[in-house]
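Two complexes come next, and they have one chain in common, subunit A, joined by subunit B in the first and subunit C in the second.
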Partner chain A sequence: MIHFKNIRFYYPKGKTILDDISLDFVPGNIYGVFGKNGEGKSTLMKIVAGLLFPKSGKYHVMGEAMSRNTVKYLQHMFIVPEDFELPGIKISSYEHINSPFYPEFSREQFYELLKEFKLSPDEKISTLSFGQKKKVLIAFGVATNTKLLLMDEPTNGLDIPSKSQFRKIMASVVDQGKCVVISTHQIRDLHSLINHIVILDQSKVAFDQPLSTISECLWFGKTRRDSNESIIYSEASFGGKTILSRQDKDETEVDLELLFNAVLNEPVRISNAIKNTHHDSAV
Partner chain B sequence: MTQQFNIRRIGNFIYRDIVLLRNTIITTLSVVGALLLFFFLYDLRGDHIISEEEFASNFMKFYVVLGILFTFSIFREAHHKKSNLFYFSLPISSYERVTAIWLTTSALYTLLFSVFGFLIGQVAIVLGSMFSETNFHLLPIFSESYWQGVTFYFFIQPTFLLGAILFTKNRIIKTLLFVVLLVFGLFIFNGILFSIFNIGYDIFSEDQIVSNAFSLAREDFSGIGIFLFVIIMVPVMLLAAYFKIIEKEV
Partner chain C sequence: MDFDNSKPIYLQIVDFFYENILSKRWPEEERIPSVREIAVMVEVNPNTAIRAFNHLQELGVIYNKRGIGYFVSENGYNTVLSIKKTEFKEEILPDIFKKMGLLEIKFEEVKDAFNQYLNNKDNEEK
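For the complex of A and B:
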């Protein structure tokens, strides 16, 4: 769906935000884009959305080389930004004025999602809390039925029940063959949702692997102190949690927080562990 | 392939802009309506009629200024840090966007504000006929002054439309400065042309012959000159606004 090759972006007179970024976003996946503050997650999302233009590199969207946005692309893309302001009109008016631009928009789905989020279409958006406004936008974004859904910190501002509602909704969305890209640093909110992980560090892609590959190659858990297995990464502060090469051990749930720290601290070892396992299985 | 120019999308975008500015429009029209009503009632003194010229005079007190303010307010969403992302990610091409904005702030605005002015004037006549010796009559609005005002607005509006998208802060002041610089630039351009054509004849700008020549040229060519100026100026400004929208990053 989206193919980035050697994308570079910097602000005038500013440092490089994204350097030599090559990525592919494929339908049927929920991508989690992680990174420390200021690593370019939001910038990457805006480039994907066509709201910022890369300084160099190529990007193809739905098989076509892109230089500027086209209506065709925008009709198949919706972005939920981290920080936003919606107009002070009724939710139903918001739907009424914006939905005609999206050919696949489903009014039934939008009002169903509003009901699920316990919001009334007659409520004025200006009277809603930030979390409720975010729910309106998430519901609208899902109901646009665009092939690509971009979400920047979608769980910020959502209460605990809403976070699980959000996960449920997003899981149903991806079944319909959409591509969802979620940028966040709230790893715990989304660990059960995403199936592909991209980690940005020092303006570059430090890690880009499907969750299935990670589970196949790495083992997450606690090992005994006297264990002689070669530890790829360990954190004493988390009760001795470690990452090992999986080999013939049972599959474990991927600990995203541990993986994130491991990628930032031991990028080469993590990369080698995945490469070696893949190489072995290929042989 | 999806069209880059679709009339329905333009209509949807115009409707969207009007809904988003609904409260501003209602508040402004309430204030302007009250002022217009006062001026029209004032004009009914003496002859008990509102003439074409009186309508144009009152109408023009607000028409151009409000039109320019409307042009700036229509880009409010595009310049707001927290909402411009929705504005620019909306599936509408830059051609459609410029066309919709221009139609809204020039043709549609002129039509609706003229109807509004007519209705207020008519209310004033009805009130006059109820409380004074005014005979009910239909308000004539299409005077020469009216058309001159509309033409003037259609000529200057694209420059303000460009300023409204070009500048992010102090947009009106910067646009006025831009207009002043533009006029100054044209003045210098004329001066250079004058020098090029006349330097060989020892004629200077303060000579009487120059003044006569300018008067003659104005009489003979002003219509064509203005027409050419409008033909070039308006599309150039709209084209510049289009390119600015294309280049806009959020």
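For the complex of A and C:
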């Protein structure tokens, strides 16, 4: 659906934000894009959404090159940005004005989601809190039923019950024809939803793997001190969390925080461990 | 559903199915929630839920009726019972034995505790 090849981006007179980025986003998946502050996550999202244009490299959307003229693809994608301004009008007026741009928009779904988020269509957007405004945008984005849904830090500003509601909504909307890309620092909020991990570091793609490959190749947990297995990465926190090569050990749940730290600290060892296992199983 | 860190989420969903079948909330030959309903219920990616369904289908605990949905198998209850018994003997018991050794607890002490548990339970029921 989305194909990035050697994408490069920098802001005027600024340093390079994205350098030689190649990525594919395929329908049927929920991608999680992670990275430290200022590593270009939001810039990447804006490029995918057509809000910024790469300085060099190829960007194909649904098989065609994206350019300033390919407006027709914008009806198939929606972005929930991290910061946004919404007009000071009623929620229902906002829907009325914006929904015609999206051919698959479902009014029924939108008002149902508003109800779930305990918002009334008659409320004026300017009187809402940041979290409530975010809910309006999330509900609208989901109801557009676009093939591509981009969300930048969607759980920021949401209260605790709404985070759970958000996960339920996302679990219900993903299907084989839809692609969701979520950029976030809130790994704990979203780890049960995401099934493909992209990590950006130093303007590059440091990691890009489906969760199924990660859990096939790597083992996450506490190891005994006397174990003589070679440790790929470990943290000296209480209990000593460790990443090992999985080999024939039982599958463990992927610890995304540990993986993230491992990729930033030991990128070569992590990628070798995955390459080696994958190579073995292919033979 | 709160997830345990170490066990893969799809296996935790499998355990959730086992609980429902063993407690007879999901009787044999009855329809169970769909993949999507389970994904929403436990807030996971539908792909993870599908993995749990496939796993249970391979074990013969559930089966799929095309176009209708998933059902608990005819022998679903007994299948789950034997899976859980094996798990108890091979995983939980060795762990308990190891702890008993570490804490120097004799088998008689465990036996007494077990009998006392049975007594208390009897009294409560009376």
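The definition used in the following text is that the second predicted complex is superposed on the first by the 280 of 283 C-alpha atoms of A that agree within 3 Å, B and C clash if a C-alpha of one lies under 4 Å from a C-alpha of the other, contacts with A are read in each partner's own complex, and residues count from 1 in each chain.
What we mean here is this: a residue touches a chain if its C-beta (ideal position, glycine included) is under 8 Å from a C-beta of that chain, and two chains touch if they have at least 3 such contacts.
None of the values given here were measured: they were computed from a predicted structure.
Once the two complexes are overlaid through subunit A, subunit B and subunit C fit side by side, free of any clash as defined at the top of the document. When both complexes are overlaid on chain A, the residue A:Ile194 reaches subunit C alone and has no touch with subunit B. By the touch criterion defined above, A:Leu52 lies against subunit B but remains apart from subunit C after alignment on the C-alpha atoms of chain A.
Between subunit B and subunit C, the partner in contact with more residues of subunit A is B. When the shared chain is aligned, no partner comes close enough to touch A:Val26: not subunit B, not subunit C. By the touch criterion defined above, A:Ile89 lies against subunit B but remains apart from subunit C after alignment on the C-alpha atoms of chain A. Closest approach of subunit B to subunit C, taken over C-alpha atoms in the A-based superposition, is 28 Å. No residue of subunit A contacts both subunit B in one complex and subunit C in the other.
The touching residues of subunit C, counted against subunit A in their complex, run 3-9, 11, 36, 39-40, 42-48. Looking at the complex, you find that subunit B touches subunit A at residues 1-4, 6, 8-9, 12, 15-16, 19-20, 22-23, 77, 80, 82-83, 85-86, 88-93, 96, 246, 249-250. Residue ranges on subunit A touching subunit B, taken from their complex, read 46, 49-53, 68, 70-72, 74-75, 77-79, 81, 83-89, 93, 96-98, 100-102. Across the complex, subunit A meets subunit C through its residues 28-30, 164, 167-168, 171-172, 174-175, 192-195, 215, 220-221, 251-253, 255.
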